[in-house]
Amino acid sequence: MRTDLCGVELKNPVIAASGTFGFGQEFAPFFDVGRLGGISSKGLTMGGKYGNEGQRICETPSGVINSIGLQNPGVEAFLRDDLPFMRRCGAAVIANLGGSDLQGYLDGAALLSEADIDILELNISCPNVKAGGMAFGIQCQSAHQVVSAVRKVCKKPLMVKLSPNAENIVEMARACEDAGADALSLVNTFQAMAIDVERRQPVFANLFAGLSGPAIRPIALRMVYQVCGAVKIPVVGLGGIASASDALEFLLAGATAVQVGTANFVKPDICLDIIDGIDRYLERHGFAAVSEIRGLARTDR
Amino acid sequence: MRTDLCGVELKNPVIAASGTFGFGQEFAPFFDVGRLGGISSKGLTMGGKYGNEGQRICETPSGVINSIGLQNPGVEAFLRDDLPFMRRCGAAVIANLGGSDLQGYLDGAALLSEADIDILELNISCPNVKAGGMAFGIQCQSAHQVVSAVRKVCKKPLMVKLSPNAENIVEMARACEDAGADALSLVNTFQAMAIDVERRQPVFANLFAGLSGPAIRPIALRMVYQVCGAVKIPVVGLGGIASASDALEFLLAGATAVQVGTANFVKPDICLDIIDGIDRYLERHGFAAVSEIRGLARTDR
Amino acid sequence: MPAAYTVNKILQNDRVTETVYKMKVDLGGAPQPAPGQFYMVRGWEGNDPLLSRPISVSDAGEGTVTFLYEVRGRGTRLLSQLPAGGQVSLLGPAGTGFPVGEVSGRVAVVTGGIGLAPMIYTAKSLQNCQVDFFCGFRDQSYELEGLQGAVQRVAVATDSGREGQKGFVTDLFSVADYDWVLTCGPQVMMEKLGRACLDAGIRCLLSLERHMACGVGACLGCTCKTAHGAKCVCKEGPVFRAEEVIL
Amino acid sequence: MPAAYTVNKILQNDRVTETVYKMKVDLGGAPQPAPGQFYMVRGWEGNDPLLSRPISVSDAGEGTVTFLYEVRGRGTRLLSQLPAGGQVSLLGPAGTGFPVGEVSGRVAVVTGGIGLAPMIYTAKSLQNCQVDFFCGFRDQSYELEGLQGAVQRVAVATDSGREGQKGFVTDLFSVADYDWVLTCGPQVMMEKLGRACLDAGIRCLLSLERHMACGVGACLGCTCKTAHGAKCVCKEGPVFRAEEVIL
């Protein structure tokens, strides 16, 4: 099950997705989180953030819309309070860095890349922060700009997290590869909305928010398939994964590893079910390593 | 409940969506389809089409991926065999025109616009036909081109059906309005995929196919909200509507009418439940007409 | 008889084998089904699973219909959990079914696995025929009691050899001995049988399976290739003549 | 006591009023909950509804927990349909609950609607207090029997006036007569009460409601504004001091 992700060895290809797993410790009562391939931290910003006002969670058919707005304690508090447990637990440490302006990204990346983390995941795709975040993730040019700049200050493997709201996901992936990304992860949440029909107003104070969960899986899988065919760097696939079979779809489409987000809310130790299920699948079909199934369902092999 | 849609009076704002309701007659055993505001025909092409090979339907969490590939008897057979019932039943007749090249669209539009239909719905967004269909619906320029050309030959109200896969849905809507569309309908299906993990190959022969159903509703609603704020022509909202409350979200977002697609598979007379539910809502809240609630949840009113 | 969409009462829902269940439903005033027809069955609320499941009529009586079904995935598992006295939604009867009036003489009914379900009702409905019933199972037979008296002979094949003859059901007989072959089962089995009948000039009817969404001929999701173009399995089938479908 | 995720057996699940149900669950070896804590409850398979539902502990005994819940939407309706003997998944006990050890003297427990649920267990758990229990309902009271002996006085207000005093539960008493006010109910009621207590210098604990996804403090979906920044209702609440939360 060992998986190499841009030079970092993961125990297995299953990573807990940013924003859905806290800093790992929240799930420690339920299982040994060190059994995960990796944990991606809650999205961090330089100064920390209060996050969005009003209702933050709205359930939809097989999905969840969230408007958290990158609430986080800030990079410095993370390094002091949260990194020690993450480092100790045994899963690879992925620090997810959000932001709303270029300087914030640069300062955060510089600080994090001095710390004992394994991978920096650059989130250019959060739909929940006004004037920034996702703005970088929509058009290739601004993505290229921010990734190039962060690349220069980042000494750790750099994974760029793409937005499914990008105008052209394939061009976006190529732009980030070109700008120096070591890996890509996709997808972040889809820009979505809900309206409270009784009160006749949007559910979220921010108007739009991000859709995740099993509902989006078929679209996320299509995007991951496309991107895996377009870049040479490894791709981490996510979006709606809730079972081993779901995870296998992404691996067979060409992903090197997967992340599990919303499904952690459904069953706190669901990642273990997924890890075990992938293991059994490999055994049942006679594969010796995860890497052997990577991309096997591609028609362009 | 009467609703004016670009000069055509609908009994109510609920239209059965193209490709999910046949030519109306298929649902006649279950209820009086004349009670619908309108029926949009299966997507038509000039010469007719066999459609796609292989598995055509795949269920996903709260959704369905379809790869029908515009199977249809052709415009001429439609006029002869199917239009008479649609005309007679009492719902407004919307002829949905698909195609894979400009000439096909022009010929089809010319023929249909001589017939006794109420609205021509131009589908520039089918993700299931190679080299065409959706290609027109991705970039504004090609959309503008085809809509302008069809506008010239079309004597009926022209409704253009947009793809959620458009690079920029707002720019796309503006381009179509500018090209002479009388109304817009959105969304068509999202480009998606599924992989059969046991056989390690894509489920669909065509690789990608179109996702619809409740899963996509939150994204569709966001797009309809955005488009309603960007154009002056009426907008028909659809994507995952399966209850009166779902329909009301779209009307409150600014849509003039709604379409119901995949939900027809869940309960054949679900449109009646939706019509009745909207009616009760209006009464309960003291509105005299559907038009009174249009856009009430908009923050830019 | 036109199809209807009705909510019906479950009279019984019992386990037959490890994975197979039998559900008897009160049709109320809903139309009576013909052999080979099916229903789009739904026994849960909400959007997941989204689509109803096509299940054949395995028996029908005075205002009741019986389904024999195998638990394969989420939908059939949910059906298996429904209690007697509970409710199930039915859309149907759907499809054209077997033209039983047309069939006569020596008839082989051939089933593989849960393809048995529609053939029980069909075999029982045949008139003026000598029916031999050949059925293949993985390990053990079930629900064959009802055929006593209705058919001349029942022969079983199993993959494991635990019951009947070990091997393929198609090895139990020769198509040349029959005037008609009626079959439902795995695609490969039906293809093999269909071709053998075409070669031997035996009339053959097959009941096909497709993934279905609407069940009423509207979505065109369930088509099969025929000599006369694409046809809807849900509406123009599920029963087709071997010479008509392109195997 | 750390939270756990367990699949538990339903011992009973009975209708209490038109819309309110009571479910008693065998905790097996799972940790015992404290007053004011809650569980993320799930009683269905599949992705729709996707999230578990937060439900408070309305009573707890020897290895059992009792939920009193109102059917509001799909999730609670599905819960209400679960049979005794069936299974339910519980994540919890979650949250910090009421600091019952700290509360003393004259205590007003004030509930509105189904906000009653956590307060039954809480009131019963208070030691060395004189507890007056004020509860508001739409039309009729329920589940108050269990309070006999545990509290000094129970007073009811209803919107309709059919039972108890017609009007707001907050009109039944004056906060000035108490040392502590413990409350759970509609946001507006709690705000009003919280302010009145702050003004009068009475100690007040409120149990808040938020839409929740994870229930473990990971998603930050359930935060409320406090004097010390955003706090998770699921982990650092649901019980807060009136002076701490920004009402």
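As written, the chains take the letters A, B, C and D, and residue 1 is the first residue of each chain.
Here is the rule we go by: a residue touches a chain if its C-beta (ideal position, glycine included) is under 8 Å from a C-beta of that chain, and two chains touch if they have at least 3 such contacts.
If you're wondering where the values come from, they're calculated on a predicted model, not measured in any experiment.
Judged by contacting C-beta pairs, the busier of the interfaces A-D and B-D is A-D.
The most distant chain from chain B is D, comparing centres defined as mean Cα coordinates. Centre-to-centre spacing of chain A and chain B amounts to 33 Å, using the average Cα coordinate of each chain. Each chain gets a centre from the mean of its Cα atoms; for chain A and chain D, those two points are 35 Å apart.
Between the Cα centres of chain C and chain D there is a gap of 52 Å. Separating the CA-averaged centres of chain B and chain D is a span of 46 Å. For chain B, residues that reach two or more other chains under the stated contact definition are 60-63, 213-215, 242. Residues of chain C in contact with two or more other chains: 46-49. Under the stated contact rule, the graph of chain-to-chain touches is complete, every pair of chains being in contact. Chain A meets chain B in the complex at residues 60-63, 65, 167-168, 190-197, 200-202, 207-208, 211, 213-219, 221-222, 225, 240, 242, 245, 248-249, 252-253, 281, 293, 296-297, 299. Here chain C touches chain D in the complex through residues 45-49, 74, 78, 83, going by the rule given at the top.
Residue ranges of chain D in contact with chain A, taken from their complex: 2-5, 42, 47-52, 89, 91, 211-223, 229-230, 235. For chain D in complex with chain B, the residues that touch the partner chain are 46-48. Chain A makes touch with chain D in their complex at residues 19-22, 26-27, 29-30, 42, 50-51, 55-64, 66, 68, 71, 213-215, 242, 262, 264-269.
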